[in-house]
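To keep things simple, chains are lettered A, B, C and D as they appear, and every chain counts its residues starting from 1.
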Amino acid sequence: MSITKMVAAALLRRGIVVAAALMMSALAPVGAQTIRIGMILTYSGPDAALGEQIDRAVNLFVKLHDSDLPPGVKVELIKRDDTGINPDLAKRLAQELVLRDQVQILTGGQWTPNAMAIAALTKEAKVPFVTMTAGGSAVTLQSPYVVRSGWTLWQTSYPLGEWAAKQGWKNAYTVVSDFAPGHDGEAAFTKSFTEGGGTIVGSVRIPLKTSDYLPYFQKVKDVNPDVVYVFNPGGPQATAFMKAFDDIGITKSKIKLIGPQDIVYDDELPNMGQSALGVVTLGEYSPAATRQANIDFVAAWTKAYGAESVPTFFAEAGWNGMHAIYDAIKAQNGKIDPDATMKFLHAWSDPNSPGGPIRIDQAGDIVQNLYLRRVEEKNGRLANIEFATIEQVGDPWKVFNKK
Amino acid sequence: MTTLITILFFGVAYGMILYLISVGLSVTMGLMGFVNLAHGVFAMLGGYATVTLMNRIGIAFLPALAIGCVLVAVLGFVLERTLYRHLYGRSELDQVLFSFGLILVSVALVRIAWGPVAQPIRLPDYLKGQVTIFDLALPAYRLALVGFGTAVIAGLWFAFDRTLFGARIRAAVDNRAMAQSIGINTSRLFAAAFGLGTGLAALGGGLGADVLAIAPGYPLQYIIYFLIVVAVGGLGNIKGPFVAALAIGLSDTACRYFLPEAGSIFIFAFVFAVLIWRPNGIMERR
Amino acid sequence: METAALETRALNCSFEANHVITDVNFTLRPGERRALIGPNGAGKTTFVNLLTGRLRVSSGHVLLNGEDVTQLSEARRIRLGIGRTFQITSLFPKMTVRENVFLAVAECDGIAGNLFRSVFSHGRQLARVDELVHRVGLSDVADVPAQLLPYGRQRLLEIAVALALRPTILLLDEPAAGIPTAESHVILDIIATLPKEIAVLLIDHDMDLVFRFAQQISVLVRGSILVEGSPDDIAADSQVREVYLGDSKHGRPAAA
Amino acid sequence: MTTMPVSRNVSVTIRFGVIRSGLIRLLKLLPWLVIASLPLVLAGYEPLATQIFVMILFALSLDLLVGYAGIVTLGHAGLFGMGGYTAGILSVHGITDPLVTALCAMAVAAFTGLVFGVAMLRTKGLTLLMLTMASAALLYEIANKATGLTGGEDGLQGVAFSPLLGVFAFDFRGKTAFFYSLTVLFLVFSFVQVLINSPFGWSLRGIRENDARMAAIGCPIMRRRVIAYVIAAALAGLAGALQAQTTQFVALHSLGFELSGNILIMLILGGSGRLYGAFIGCPVFMLAQDQLAKQDPANWFLGLGVILIAFVMLAPGGILGIAARTVDAIKMRRRA
């Protein structure tokens, strides 16, 4: 074996040199003209519909704004499928995108676990990473090269807790999916609700791959709180939750259902049916909003994808993310330097996004308006109707943990 | 008290689905000694058939269920004649691989045909919300599950114990050679039994569509539950799996209510213990 | 007199109602060459299985070199020196002749648990394998998978495997079955090469073979010893004649 | 399966064996050196190559069970994951030396294998199959629920290992990972080779072919099978540790049924009970997956499924099996 070890060592030393050389030669010509962007989303598996929303938004943005790029600069999107919550695969895909395809910017980052894994890599690879819909607060702490264009669960849950307390509700029960964003949401809501004088009378974390929710919710019904804080990753699961709440009779009882925007995912509202009526959620975007910027956005969307399709907050996050990336490219005139890019992104803002004024702060988190919405029937369709605005909220978690 | 009853009830409902899907597997495994990991495929197809017939063509729930059941039974029969029969008596490994291949193919085809997203089943209104039976509010859908399941099971048991077909199956399970020597055409019997088994699976898949969501991942996601029911219930009989399915349904449900922290750990530990204690299933006479 | 290599006392074995072996007192002296004959279904193979511990006795005792082994498992008795061949060949079909024999040699020498040394570095065992393969005359097919051998030669391999366990007592259950009578002498030649102290019990139908082999013959009829004695006595014995030939004429159903 | 030349002369036999195995060993070093020099031409593919090495190692351990001991398992990932999480959790808690953590991983996996093996290996057929499946499912659920320790669905965050031998750091370009896993694979392969040619290895095959007869020559079957299972477990654990170290990450996925199934498929594609099956099956499977499954796995599943069915129905024995049969056929023609 000693022989092979020596051989290996020798090869290792030479190998690095050669590979480095290759890397240089490969990078040099690419950077000037074509900017390669690696996008890791969920294109298959039960949650592919969520990925599709982001994908469509990105494609739409590229279609409408490619012309804004500096002359001679082209953008090439390289898409990869992480098949769902699958951090190890996501990390490997990111690694391959950087090493094989030499992408200069990474984006996508649909799931918190996946985004965490990718972020850890970017720290070393020095590749800017715009995570779009990962709601875990910790993602941006993984590396200085990460910014988010979506939201954090603390953002969409902490103010909700305050609001709930103000409604005079005393007892709350928290029901969340058992992964990082769920834990964040649970913590955020619990903090603000108890600070507001309420008490948490019970909490349960439901595994992501669960078939039968009734037993969990029966417990909630038995405890009979004033309000239930719910979080799930949206998509089909949101419907499954709502159906179960209906089966168990909570939706018709006097127990209030509230949560972040995910639990009344706009695409799923038709499947949820009447059971979703009256559910109050907090989120940064609803396609039903009457802001001019949003009306234009929805119009462009339905023009591209048909009247049946509505852009959800996933789409909005994708749109904003791509917007930030394009601005960064423009600002550097197509010559992407990681650190310069991050410097730019950390100061990036859009006063007029579909969801209202937004900006990215030094921590890489997004500061934006949050809207309280209620599910109502609007010309024959269920929609999340905004009824109150909380101006310019950053990530509360970062605030509380600043030391 | 009401809580306890409700939980019991949920458990039974869950067990019913598991039983309907798995019982066919038990019979076919016992008959042909074929390790068929792909049994869940037929349940999934039953679900897809039902959902599609309802949502796209607008047929009512029960007829859709029946049609789907028949369609899948026929498909099962055909597959048995064309593929499965060639692998009886082959090594376990071959059978495992073959059925695994079948799973992958079905997953792919279903995804191409229906897309990756779970197919929501739009239940008729009489199956939505709650029904109150002497001040005990129960979900209508589960109630229907239990009622319907009981009916099917009663019919199945009658058929198994009282009809010639059932007698033949039992004979073939006990002693294949003997059965053949007394003039039972086992080959045709196998096909029939296989068709019946897949039909039942389809029925379970369709009925349970609101609990076990109908998506391409179905056969892989739930396979272990079906196999567990069969292994614990014992091969080639139809009462053992019933006990097993109820036991698993009840304990799993109880776990979720009383100690959600434990998840399904208990179930698998329980199954492991049972199989060590009774390698041939709980019904095995000692 | 010296202790018997193998002895049974009032041995009984019955399945449900019917007695397969009844009160058999049987003795095999060290180095003795004895044959056990009897009509079909007399219980010969059952008797062997009782000796090796493959079957449990209903009552009575089996003594190996004077000590009672009635309660010991088959494996233990094998280590104590009982070797046997099977009436229906039982080998490792996909493995070569040499590999078949090696497995037995390895178990016998207690090296079969050895993980880290290649088979090919166990010179002593390999030598024994070659020696045994040679003794049963299979050297020319030493590296042919057992399943490809003609039946007759598989029988010989059976014997080689049995011998590999260094038995002090060798039980041959119809070793010549399936071997053309003309060639059955091969078995005798092999036995002839065995060390004198090994006691051999041969069960066979081939009278010619039996009479050429045996110093002593025991006749088993319907589960009990009818007579014992030298080949000449047996040949002369009218009872045996009657039972044996009678049996072969109009087959009388015997307990089984 | 190597067999000695026909000879009644021991000394000759042995010398012959030695010379022959010596030659073979020299010849066998060649392909390894070729692989080791791949990065010079294929920069950027180290991570994929590393993944393949790890899977080959994993498949080798499975081959010991399926191909030699005749134990079919659908829960082998359980042991792989045990190794991965052991290494990962240790590194999170400050024990970051690759070799130390790898050894610990092997130990833990081996112990797990011992516990489960002693319980399961008394059974056979479907029951054994189900037990292996249930054992893995049990470990998966535990890992899924012990979020404090394993991170649950989020995967184990903050896994980082110190440089190998204190010199070579595991950078994201994966050079170190490449040579590290290749070396380990080589060592394990050499060990397995010795193992299957040892008396123990042969007795395993004997048990697989005819356990009744093995009993009749006084072989303690249960003990042999358990030992085999423990060894396989240790190697699977090592593979898991390697996975954790080379990707600096551990996720539930590494305990999952999907992996148990895939590794079995890879082995069978290559051909089990042949030692080289793993070296054929894993690269074919993973390269195909790398190319086909990027955008849409549906077609990939379809292809894989069809191939599997075709193999079982038409060509048992995997790729190597087909090769072997063709070779035999040619030989036959020569003879005739």
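Here are some notes:
Assume a residue touches a chain if its C-beta (ideal position, glycine included) is under 8 Å from a C-beta of that chain, and two chains touch if they have at least 3 such contacts.
Being a predicted model, the structure only gives us computed values, none of them experimental.
Distance from chain A peaks, on a Cα-centroid basis, for C.
Chain centres defined as mean CA positions place D nearest to the mean of all protein CA atoms.
Counted by C-beta pairs in contact, the busier of A-B and B-D is B-D. Once the centre of each chain is set as its mean CA position, chain A and chain C turn out to be 77 Å apart. The centroid of the Cα atoms in chain B and the matching centroid in chain C are 52 Å apart. Separating the centre of chain A from that of chain B, both taken as means of CA atoms, is a distance of 38 Å.
With centres taken as mean Cα positions, chain D sits 34 Å from chain B.
Along chain A, residues 44, 207 each make contact with two or more other chains.
Looking at chain B, residues 111, 263 sit in touch with two or more other chains. Along chain D, residues 144, 298 each make contact with two or more other chains. By the definition of touch given earlier, these chain pairs are in contact: A-B, A-D, B-D, C-D. Within the complex formed with chain A, the residues of chain B that make contact are 3, 6-7, 10, 14, 111, 115-118, 120, 128-130, 137, 139-142, 210-213, 215-217, 221-222, 252-254, 256-257, 260, 263. Interface residues of chain D, counted against chain C in their complex, comprise 3-4, 6-8, 10-11, 13-14, 17-18, 21, 194-195, 197-203, 205-206, 209-210, 212-220, 224, 227, 231. Of all residues in chain A, only 1, 3-5, 7-9, 11-12, 14-16, 18-19, 22-23, 43-44, 79-81, 83, 85-89, 91-92, 95-96, 98-100, 112-113, 116-117, 120-121, 124-125, 136, 138, 178-180, 207-208 touch chain D in the complex they form.
Interface residues of chain C facing chain D in the complex, by the touch rule stated above, are 52, 54, 74-75, 78-79, 84, 86, 90-96, 98-99, 102-104, 106-108, 111-123, 125-127, 130-131, 134, 139-140, 142-143, 161, 164-165.
Those residues of chain D that touch chain A in the complex are listed here as 29, 32-33, 36-37, 39-40, 43-48, 51, 144, 147, 152-155, 157, 168, 171-176, 179, 182-183, 186-187, 190, 247-251, 253-254, 293-298.
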